[in-house]
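Note that the chains take the letters A, B, C, D, E and F in the order they are written out, and that residue 1 is the start of every chain.
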Amino acid sequence: MRTNKVRDIWNAGGNVVNGWVASASSYTAEIMAAQGFDSVGVDLQHGMIDFDQAVSMLQAISVQDATPLARVPWNDPTWIMKTLDAGAMGLVCPMVNTAEEAAQFVGASHYPPLGFRSFANVRGPLYAGADYKARSRELIVTLAMIETKTALDNIEEIVKVEGLDAVYIGPSDLAIGLGHEPVGDPTEPEVLEAIAHIRRVSEAAGVKPTIHTAGGDHARRCFGEGFRLCTLANEIRFIIDGAQLQIGKARA
Amino acid sequence: MRTNKVRDIWNAGGNVVNGWVASASSYTAEIMAAQGFDSVGVDLQHGMIDFDQAVSMLQAISVQDATPLARVPWNDPTWIMKTLDAGAMGLVCPMVNTAEEAAQFVGASHYPPLGFRSFANVRGPLYAGADYKARSRELIVTLAMIETKTALDNIEEIVKVEGLDAVYIGPSDLAIGLGHEPVGDPTEPEVLEAIAHIRRVSEAAGVKPTIHTAGGDHARRCFGEGFRLCTLANEIRFIIDGAQLQIGKARA
Amino acid sequence: MRTNKVRDIWNAGGNVVNGWVASASSYTAEIMAAQGFDSVGVDLQHGMIDFDQAVSMLQAISVQDATPLARVPWNDPTWIMKTLDAGAMGLVCPMVNTAEEAAQFVGASHYPPLGFRSFANVRGPLYAGADYKARSRELIVTLAMIETKTALDNIEEIVKVEGLDAVYIGPSDLAIGLGHEPVGDPTEPEVLEAIAHIRRVSEAAGVKPTIHTAGGDHARRCFGEGFRLCTLANEIRFIIDGAQLQIGKARA
Amino acid sequence: MRTNKVRDIWNAGGNVVNGWVASASSYTAEIMAAQGFDSVGVDLQHGMIDFDQAVSMLQAISVQDATPLARVPWNDPTWIMKTLDAGAMGLVCPMVNTAEEAAQFVGASHYPPLGFRSFANVRGPLYAGADYKARSRELIVTLAMIETKTALDNIEEIVKVEGLDAVYIGPSDLAIGLGHEPVGDPTEPEVLEAIAHIRRVSEAAGVKPTIHTAGGDHARRCFGEGFRLCTLANEIRFIIDGAQLQIGKARA
Amino acid sequence: MRTNKVRDIWNAGGNVVNGWVASASSYTAEIMAAQGFDSVGVDLQHGMIDFDQAVSMLQAISVQDATPLARVPWNDPTWIMKTLDAGAMGLVCPMVNTAEEAAQFVGASHYPPLGFRSFANVRGPLYAGADYKARSRELIVTLAMIETKTALDNIEEIVKVEGLDAVYIGPSDLAIGLGHEPVGDPTEPEVLEAIAHIRRVSEAAGVKPTIHTAGGDHARRCFGEGFRLCTLANEIRFIIDGAQLQIGKARA
Amino acid sequence: MRTNKVRDIWNAGGNVVNGWVASASSYTAEIMAAQGFDSVGVDLQHGMIDFDQAVSMLQAISVQDATPLARVPWNDPTWIMKTLDAGAMGLVCPMVNTAEEAAQFVGASHYPPLGFRSFANVRGPLYAGADYKARSRELIVTLAMIETKTALDNIEEIVKVEGLDAVYIGPSDLAIGLGHEPVGDPTEPEVLEAIAHIRRVSEAAGVKPTIHTAGGDHARRCFGEGFRLCTLANEIRFIIDGAQLQIGKARA
């Protein structure tokens, strides 16, 4: 029934505004999904979220129009397959450092012949319709995180992996990997050049460059540079900013 | 070991900036508690929160300096006693419409002879020390919500109830009760006059006037009028505001 | 955005086929909601389901087209208001024995002036749109369970209660109340006559007669008699029937 | 299939050694049930336990030979009926102060004609067999807590309530009610005399006297006085005692 | 105390009728276990089930006579050891493609010297008695899933792995692996021949052939061919079939 | 704000008394943390505990003075990084058999350049202050479990791994690995000599020798031999001991 808005927007030449949820609450997930994001990702890596909570969060996002995504905690077929069964229509996979690791990620995300995902009718058909399996190659988007020096060195090979839809830059870890402090919106020339390099190599290979940003201003700049999906911080950031702003006003 | 910052601030003549949590996440609760609120309340009435989740949220708030409070879903001894056992150091009770209902609320919140709370050593002593029972009359603060026409009519009697520490105005429900639309920061003269009346009657009786506000600006005005505790919206409000702000910037 | 299919079908003169979920699983709830029921109810009375689980189950039902309903465990404002906040678009309330109890149920289910429900923007607007409060009188359907001898005696008064949309017959408890064994699809003349009497009195008062049935055949008969909503057993019944059928075949 | 060991032991003239669980863990509940208690109660009043957790805890106790009991948080039909549906074979009800309250407790615990419990086949038949309803009058034991001055004054009337199986003394609350400090194994003459009085009145009425004790020594004394069921502290007490003992040895 | 019915039935020359649970509910798990299955498996691979839920589900199955099994999500020692600690008396392991992978699975499932399972007294002794460790080689059954072309090619080596009790065919994935559509009860000659080949090779090696079936009729045929354990779909299948059947009748 | 008491005590030349929690309850975790342990570990390996429960347990321990630790279920970066994000200030890693495995464990536990932990501000700064990342090399303690024959053979290489703070002996598994029965407080000369050998090699390399003990007496002996952290059984042991002791007294 439903398609993947990330794929649809990309196919139409547009850019995706992605939300990110780090607290284990299906209510919060639905609230985020109702604010106008194109997609919302459940962060199983750095979020305080476990698999069972991710199930209800992916359901909650699906009540609204945003497409449900997830970041798995590691490049591990257990988490990749379970999260897809739970109804994620796209995955962000951390710490993809080589073409082999990228192929492992894509393989676990797709049915044969492209991959080796194990078959079952779980939440995919409930979300996307009875022909989910037939359409799953197009429905599921795969985003490999590029966030280490090794990944930077291997980027030319990584983007050649068949079936990989996008690379997703994690600026903080990439900065650490290059010997700098983690900054959500980096200004170090070496980091900026690395980000630009990854973007250019991806574009050239027909793989979408995407990135985790520090917020809307950062995202708008990234869209301007050619990034095709930007995550706008997460809901914990909004809570911290909102609480500190309102406390400041109350105590003024 | 620990005291109740709400009581301490009141005793010192100060005003309490209170946070409010509506999503069932101990991580979110701790994040809120770390932002500088004097106290943070777990909303068991309108929050999507159940008792077991409230337990871990009250624990999480207690990791930080903010004093843990809770709003019970109804004036019901089951919820009042369980929530106090779970370590809430103060309770907001909805829909207190008569002096009898206020006495029922206070009674369920305190041990004999003041009340009829059932005794057990649960989380109170873990938070406040082995002498929790002996100090509980001072440790536990009780805030009765005034949010209907009936309560407004009975306010003079309600504030006379022994052991009631504060009245807590819910502007939205009070507005509805007076025939107006619910507004977090009301401007209707009839609603404003009702709020001022409740505040004046409370002050005269030595009961603290407190209020649910729409945010920091509203709270600052209320503090100026004499309110002694203001809740600054909740974390869902911060998420909605933050998400819409950042999406707007990203799409600008 | 969305309307209540129960109300819509009734307004169009049709009959509602309702599903019922008794196990605490948002996955099961969504599976049930995807099978073609007009509405699916989360059974907080006899189901092994708690409030926090009901939240994610009501969200899960809302991913699909079925309208989410709930049966509260008792005629208690705590449960009624929390369940409505969680997004139930209609409530079945057990053991309504008098007009006063029916009025208490309806009162807790609606905002003033019809009732005394406490206001908050929680999941209602996420499901039904920003004008949820304005439309809530029409959106929310209230079904009072008639399942005792006392209720049978008071049925003429109960159906006159303003705002009550339907009476919901529980055949098993009603049979027990009349001194017979509990049977999901009763054949005792006294029980059948009681059921018919309740239906006729309700119809005459403009209140919808509805009923818990033992399955599809029973429901079809009830629709033929004039019942306007029938619940078809629950998912536990389907599991038991399916398991025993398949085990029998495997061992044949 | 199974009977209630509490009833069986009582019918055989014996005494019941009861365990008590206050933490929300089905693993802990099963561990307790495997240590040799005749019955194990899930404490929904002062335990940090919610309904959904009680369900899995009652299941876990049922893996072992101990009969599953529960203490409900309050004399409230919602909790009484849900807990029985979840498979508790006996209930301890707090704060029963009058014969009317005792009758309310018994009524919610039994099917008509004795009571007004709502019918459903939930976990009762899974534990006790298909004839659970027919045998439920004998299967379910009801224990009313006597723990206030008012209850003490009304004890002669309380024990006359039809269907009440036992009174259960809470020494700490009873001590508070009589103006003394709460002590698990009281030595105040006034408290001891009150306890003895309740025991004698119960025995005379054919109602079993039962009591919450501070541990095995206290229980053995109570059995000697005629008490027929003793709860031996709870698992939290065992943890505290064990931890402090072992830490002391390690640091010696 | 208890033995493993799967092993007992096999030792007696019989066939095992196995149930399968995919929703995270200890109530549903117990319901399934009470219907007459010899064993019931908790599906941690394609079920919407996490570890903590599996614990209470394995407990719930153990209330009844069926032996508790589990399918782990992947051939990963974390899940294998945790699930055994939680009381599974047998494991189905997905995607075992080589003898080395089979040895890894068996190794994680058994204590030295056969394997490398880490020792602890957790739920095993609670279920099977204090001599659980001494008997664990016999108590625990290991079933390796054969569901890819690679596994088919390596079947002769896989069945030689010491300690492997059974191979478990997943017809849907096997069909996909051979280039066909996934069908629960396959009719493609190539798939049927592969299934028969696996069965014959297993039988010859003294390893039990077992299979996931589409239901009772399919299972009866498989038993006739020599399969020694058949899983009869899962409870979600029963719900879907039951719901659609009853809706059809109600709307007829 | 806070430091790691394990590190502080070690730096001061003292010994750490560590508690251990195996049941999934944040209440139990806080109770344990309040009894006087220097640190309390959440056992994700053999405890019946999942990640989401570990989050609230680590928060609960942090309400009290004990430093929160965790044992991960396996040497797997998913669990290591998630558990550190959740606020564990030290990790015990099972089955570390080679220097390479020890390096993998340390690498996943620390940020570059020492390791490859992925960066995020989650619960670390909430517990230890805004400079958590800068101090994390000192804040986080890593304890590698030595519990197999292979590990014993490789101990000289394992203790040379940069960044490894301690080896943690699991006497039961080590005994099994050497061909003996698992005993918490071993007396087999071969096992005792292996333990002493590991201790001496660790001490010589400047790595802390630490050990899982059967209780306080065993721990005191180990401290006397030079062990620097001893775990005193777990809370399940205290429950079993306490229950059996009290039942024995009650039945005496």
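Just so it is clear, a contact is a pair of C-beta atoms (placed from the backbone, for glycine too) under 8 Å apart; a residue touches a chain by one contact, two chains touch by 3 or more.
These numbers come from a predicted model, not from an experiment.
K.L.:
In terms of touching chains, how many steps apart are chain A and chain D, taking the shortest path?
P.N.:
2
K.L.:
Considering only mean CA positions as chain centres, point out the chain farthest from chain F.
P.N.:
C
K.L.:
With centres defined as the mean C-alpha position, give me the chain B-chain C separation in Å.
P.N.:
The mean C-alpha positions of chain B and chain C differ by 34 Å.
K.L.:
Quick one: chain A and chain C, Cα centre-to-centre, how many Å?
P.N.:
Whole-Å distance between the two chain centres: 40.
K.L.:
Taking each chain's centre as the mean of its CA atoms, how far is chain B from chain E in angstrom?
P.N.:
Chain B and chain E have C-alpha centres separated by 52 Å.
K.L.:
Residues of chain C that touch two or more other chains: which are they?
P.N.:
If we look for residues of chain C contacting two or more partner chains, we find 22, 24, 27, 31, 48, 50, 52, 55, 76, 123.
K.L.:
Which word fits the touch map of the chains here: line, ring, star, complete or other?
P.N.:
other
K.L.:
Go through the chains and record each pair that touches.
P.N.:
A-B, A-C, A-E, A-F, B-C, B-D, B-F, C-D, C-E, D-E, D-F, E-F
K.L.:
For chain F, which residues count as touching chain D in their complex?
P.N.:
17, 19, 22-25, 27-28, 31-32, 35-37, 48, 215-217, 219-220, 223, 230, 232-233, 235-252
K.L.:
Please give the residue numbers of chain E that touch chain D in the complex, ascending.
P.N.:
Interface residues on the chain E side: 26-27, 30-31, 34, 55-56, 59-60, 62-64, 123, 126-127.
K.L.:
Report the residues of chain D in contact with chain C in the complex, numbered from low to high.
P.N.:
Those in contact with chain C are residues 50-52, 55, 76-78, 81-82, 85-86, 111-113, 116, 118-120, 122-123, 133.
K.L.:
For the complex, which residues does chain F have touching chain E?
P.N.:
Touch residues, chain F against chain E: 22, 24, 45-46, 48-50, 52-53, 73-74, 76, 79, 94-95, 147-148, 170, 172-173, 176-177, 179, 182.
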